[in-house]
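As structure tokens, the structure follows; a few thoughts come after it.
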Amino acid sequence: MRLLEYQGKDFLKLIGIDVPEGVVISAPSEASGAFERIGKKVVLKAQVPIGGRGKAGGIKPADDPKTAQEVASELFGKEIRGFKVKKLLVEEALDIAREIYMGITIDTRSGKRTFMFCDAGGMDIEEIVKLFPERLVRIDKYPSEALREYEIRSALRGKGFERELLVKLSHIAASMFDAFVRYDLTILEINPLCLLKDGRIVAADAKVEVDDNALFRQEYFSKLEKVDVEDYMEREAKEIGVSYVVLDGDIGLISSGAGLGMYTVDLMADEGLRPANFLETGGGITAKLINDSIRLVLRRGNIKAILINLYGGVNSLIEAANGVKQARESFAKDVPIVVKAVGNQQEEAWEILSSAGVHLIKTFHTEKAIDLLKEILSQKERG
Amino acid sequence: MAILLTYETRAIVQGITGRVGSIQTRWMLEYGTKILAGVTPGRKGETVYGVPVFDDVKETVERFGVNATVIFAPPFAAKDAVFEAIDAGIKLVVVIPEHVPIADAMEMREVARKRGVVMLGPTTPGVISPGVGKLGIMPGNMFKPGKVGVISRSGTLSYEVSGYLNDEGFGESSVVGIGADPVTGVDIADILEMFDRDNDTEAVVIVGEIGGSREEDASAVIRRMRKPVIAFIAGRLAPPGKRMGHAGAIIQGETGSADSKLRVLEDAGAKIAFKLSEIPKILRKVL
Amino acid sequence: MRLLEYQGKDFLKLIGIDVPEGVVISAPSEASGAFERIGKKVVLKAQVPIGGRGKAGGIKPADDPKTAQEVASELFGKEIRGFKVKKLLVEEALDIAREIYMGITIDTRSGKRTFMFCDAGGMDIEEIVKLFPERLVRIDKYPSEALREYEIRSALRGKGFERELLVKLSHIAASMFDAFVRYDLTILEINPLCLLKDGRIVAADAKVEVDDNALFRQEYFSKLEKVDVEDYMEREAKEIGVSYVVLDGDIGLISSGAGLGMYTVDLMADEGLRPANFLETGGGITAKLINDSIRLVLRRGNIKAILINLYGGVNSLIEAANGVKQARESFAKDVPIVVKAVGNQQEEAWEILSSAGVHLIKTFHTEKAIDLLKEILSQKERG
Amino acid sequence: MAILLTYETRAIVQGITGRVGSIQTRWMLEYGTKILAGVTPGRKGETVYGVPVFDDVKETVERFGVNATVIFAPPFAAKDAVFEAIDAGIKLVVVIPEHVPIADAMEMREVARKRGVVMLGPTTPGVISPGVGKLGIMPGNMFKPGKVGVISRSGTLSYEVSGYLNDEGFGESSVVGIGADPVTGVDIADILEMFDRDNDTEAVVIVGEIGGSREEDASAVIRRMRKPVIAFIAGRLAPPGKRMGHAGAIIQGETGSADSKLRVLEDAGAKIAFKLSEIPKILRKVL
């Protein structure tokens, strides 16, 4: 779960890190009021769940209430990198003396949490680190280890931070790390952390991602207003309980594993077929889940055929077959469906699938399923 | 004779009374696996397909000299189940559940490695040594005894690759799912070393996928291995995954893409298969 | 900080452990209403911060609202082992099938937290454990170690708990241990934990003590209504910042360390002198603290003399001397004061003390100070 | 020559710029102690009575080869200060502050002991080796060089007992406050063993007090010691302390009272002093 900027900043406040003065608005008419509350020059920032919004025109300054309202009207009408603007963060314009980078993520390689600091921040951080690797301070910690302020102070020694600034930066870093652990985060990034000319240290941006699998124990986040991050179909997929990504082709694809799904996409592409989506069921297949998945795939419109690639390991092929049959009998009457199903209880499943009028592959060969699919499509084209 | 799961393996099932745990226990038994006991707290005295159930792992170790476990716990309880197995002295822990919090997976990995425990998963199909037994959820009919070791990040693809190996008469010594989660107990490199030491394995197939760097990290082992290694990466043309922020990008560097993996693996001496169907052909050449 | 029973039970509820249905009342008139709310036979329990209240008549049953009111009136008039009854807990009468003991404390010897379980509970628990040590289950944990439910399950194996009961008891124990760590507790004891005939498992009593030194980070407890635990003078002492215990003699005693104070009490007793109190300053002596301490000691009335026993290590003897002088000049004009003061900056301190008209011992010998005190008292008696 | 604090000791003061830290630094310096640096985060570049201040302990270790620290931190910050010192490789840590949460003291004790660090405190006056130096808050004028080792749970009583030793011409090799808190870094037993190995110590005085079981726990060491031990317990007639619930009573068993301590110590071969003034007389007999 990825937070919008304003939600991320609320979270930073919660853990004791300062952010610029700001007001969130949902309509252009609220902009001048927000300006008055802040009481100085502002920037209006489109709240969209994607990076690069600055270059896409999603961040604009305003020096007076009237301009603020005009800018807000303009932004609320926009679509930024595919996302409609539904909220704006109206924030004090910052008088920046210096920018810093701080970020924490999980190094899946080692299974450690990795804290990173750079004495420069901003959009070019990756370039800076590539060119001047010595400017990156990196501390890795096993789950059993805490990151303590003194380690950060030691690590920042000689990097040009002194007196209170050193103490404050170390404290911010320790608070971030502590929160990262406590709140089951997968990313916590402040870029840039700004030293302002008036002496304040504020997080000018906030990137916060929470482990979806840990939301059950993270009430703060599970109670947050759900962000309109995904395509509505991806959201529906979440409710059904499957992973779903929209692609731009015309073949519906359902697979019972991520690896198998990726492999099937590769093979389809090799054969010039274009999947309309990537839908992976995971290990919890029921008849209903398959039925719902087929409905979801078809909702996309313009679907020429569906390929269902299944193994019966932890998944029940019988459940899957029943789901296909139900869909066939109600809403998926006409679309060609190719099903490859092998594994535990395959014979029973084949029987059900045969009665459902789908094209059946009874061996493990995904390549054969794709050959069959191609054949069906070309027959269809020929009429 | 095989790695990890051998004729000496004496296993339990944690979460044996659950819906999935019980049916999978049946299938493991039918495959000939030595499942000596099961554990579900509060259910001691029951049996599942003839297997006696206990309240805690320690008692099963004390009674039956158990040395492996297959865990079917809900995701939030997986960590405790793993720690219970490790504390009871079990050295092979197969963690089936998906959706385990990554922080828990990290703790499990740290403890398992410190204690010398081989932990497969989370989100693993487990390990099968065809003809010997299976600890996990893979369909037994997809595998045949043979001389090729298989290491896979994906369960389903390990079934598919075994299909090709069987078709062409190779079969598998052991098929090991390290787990599909970002953080797992063992790395591809760990399993490669086991296969290299195993007398019954003549070649190893790595079924990788895009993301992470487990494949790249295996290159040092591949370089010093005596046995041929064939590598396949799924997701060559898959849509790019989520970016893990600048921090993720900095850590990841150049690793993670299919290109990176294939280049590094080939450079280390692995033969590259672009389709699974190519694997048997390559095997014929190298064996 | 020690919680009253009802506060302890509120805390148990917070951490997910069931307690009997109960209502806290502050006046007899609320008793019948409380009875109605509970809707069955009740017991009324005096809320006093001391054990043994049952034997002292602080717990009484009532089978109907009228009796409840009468019993409440009786209890509110009582003083139990020195404490006036200001609150009653009206609680459902329990139909008990079995009693269990669970407790956690800190083993100062090893620096570990110790969990204890016994398959019998109640007031005789210490006797039971002495007679049948094998019935005690004990698990010790270093701070870096968690106590997990499976360890408790393993430890309870063969103790006669099965099925859900085993699972529930393990869960309660793990919740207690987790809370003990998280909330900086020094004691958490449920005795007895009752298995009721209707199948519920409830904590029939709750003993909760929190580390006073950790209250700064334990908002839940620092916000709790302060319990009227101590003598009002002990409470005032806490505000001043000293440790204070009331004794039954007539010599005021102020010392700059606990060990020194205990030693002084021993020596006084050997000489037949009886201290009126035990007041220990700790390491934060200021003039005001000493001045306040002398006032507190004198407030006891009936004080024949004051003995002040000080070392100047971390404490400033000059501050102490100024505090004595201020007290001398305002409210402590007549009482004889013996001061022993040695250590850092002793000469400057002696000068101030001499000008304050106190009896001064300039060596380390506490025995000499007591001899001097005896002499002064006998002179005084002789007139 | 002394234990813990010797001519090789090179110390820092953590919290050197605070009110107490700075004045005590002055007194330690005046006593001749080698204080090479101080640490207060954010104050690097300042000096306190000529001692240079740094932001972190590690830098002082790298620059000055520091091997001991005296900590004057507020109670809530004591744990971090101790961990910083231990992580920087310091093996003698003196924790002056009172009112440290007991959970923090437990963590400090666990880590210190695992890492082979001698931690005095919390709530310790520190250690003084008369004539050599002092790491702590004891008034230097209360001590004289000599051959008697003193171990005390109470700061003030260690001053008083040293007074008697000086009066009678004994003096002290080292005087060690283990700390007055319920949980401390070292036990009386640990310090006894050090004194037994120290060539300059001929006898040891234990100044104990009621509560806890550190005195009782020392009996095994006393039994095997070559040097005479004299024990004193304060609080013979003190009011009984708070009961730590049934749990506390069960753990404590018979230990904790003055009677218990005196009986166990005497049984182990220690000579018992009922008043501090008796100690020099006993010393004359045993030396």
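By written order: A, B, C and D. Residues from 1 in each chain.
Simple rule for what comes next: contacts are C-beta pairs under 8 Å (C-beta built on N, C-alpha and C of every residue); 3 or more make two chains touch, one makes a residue touch a chain.
Because the structure is predicted, anything quoted here is derived from the model rather than measured.
Counting hops only between chains that touch, chain A reaches chain C in a minimum of 2.
Between A-D and C-D, more contacting C-beta pairs join the chains of C-D. For the pair chain B and chain C, the distance between mean C-alpha positions equals 56 Å. If each chain is reduced to the centroid of its CA atoms, chain C and chain D end up 27 Å from each other. Distance from the chain B centre to the chain D centre is 54 Å, each centre being the mean of its Cα atoms. Residue positions of chain B in touch with at least two other chains are not found. Counting partners per residue, chain C has 144 as the residues that reach two or more other chains.
Chain-to-chain contact here is organised cyclically: the chains close a single ring, every chain touching exactly two others. Chains touching one another, given as pairs, are A-B, A-D, B-C, C-D. Residues of chain C that touch chain D in their complex: 51, 101, 103-109, 111-114, 116, 125-126, 129, 136, 142-144, 181, 184, 186-187, 189, 191, 207, 209, 211, 213-214, 216-217, 245, 247, 255-260, 262-263, 265-267, 269-270, 278, 282-283, 311-314, 342-344, 346, 363-367. Per the touch definition, chain A reaches chain D in the complex via residues 148-151, 153-154, 157, 162-164, 166-167, 170.
Contact residues of chain D toward chain A in the complex are 41-45, 55-59, 80, 83-84, 87. Against chain A, in their complex, chain B makes its touches with residues 20, 24, 27, 75-76, 96, 98-107, 109-110, 125, 136-142, 152-157, 159-160, 163-164, 180, 182-183, 207, 209-210, 212-214, 217, 234-239, 243-251, 275-277.
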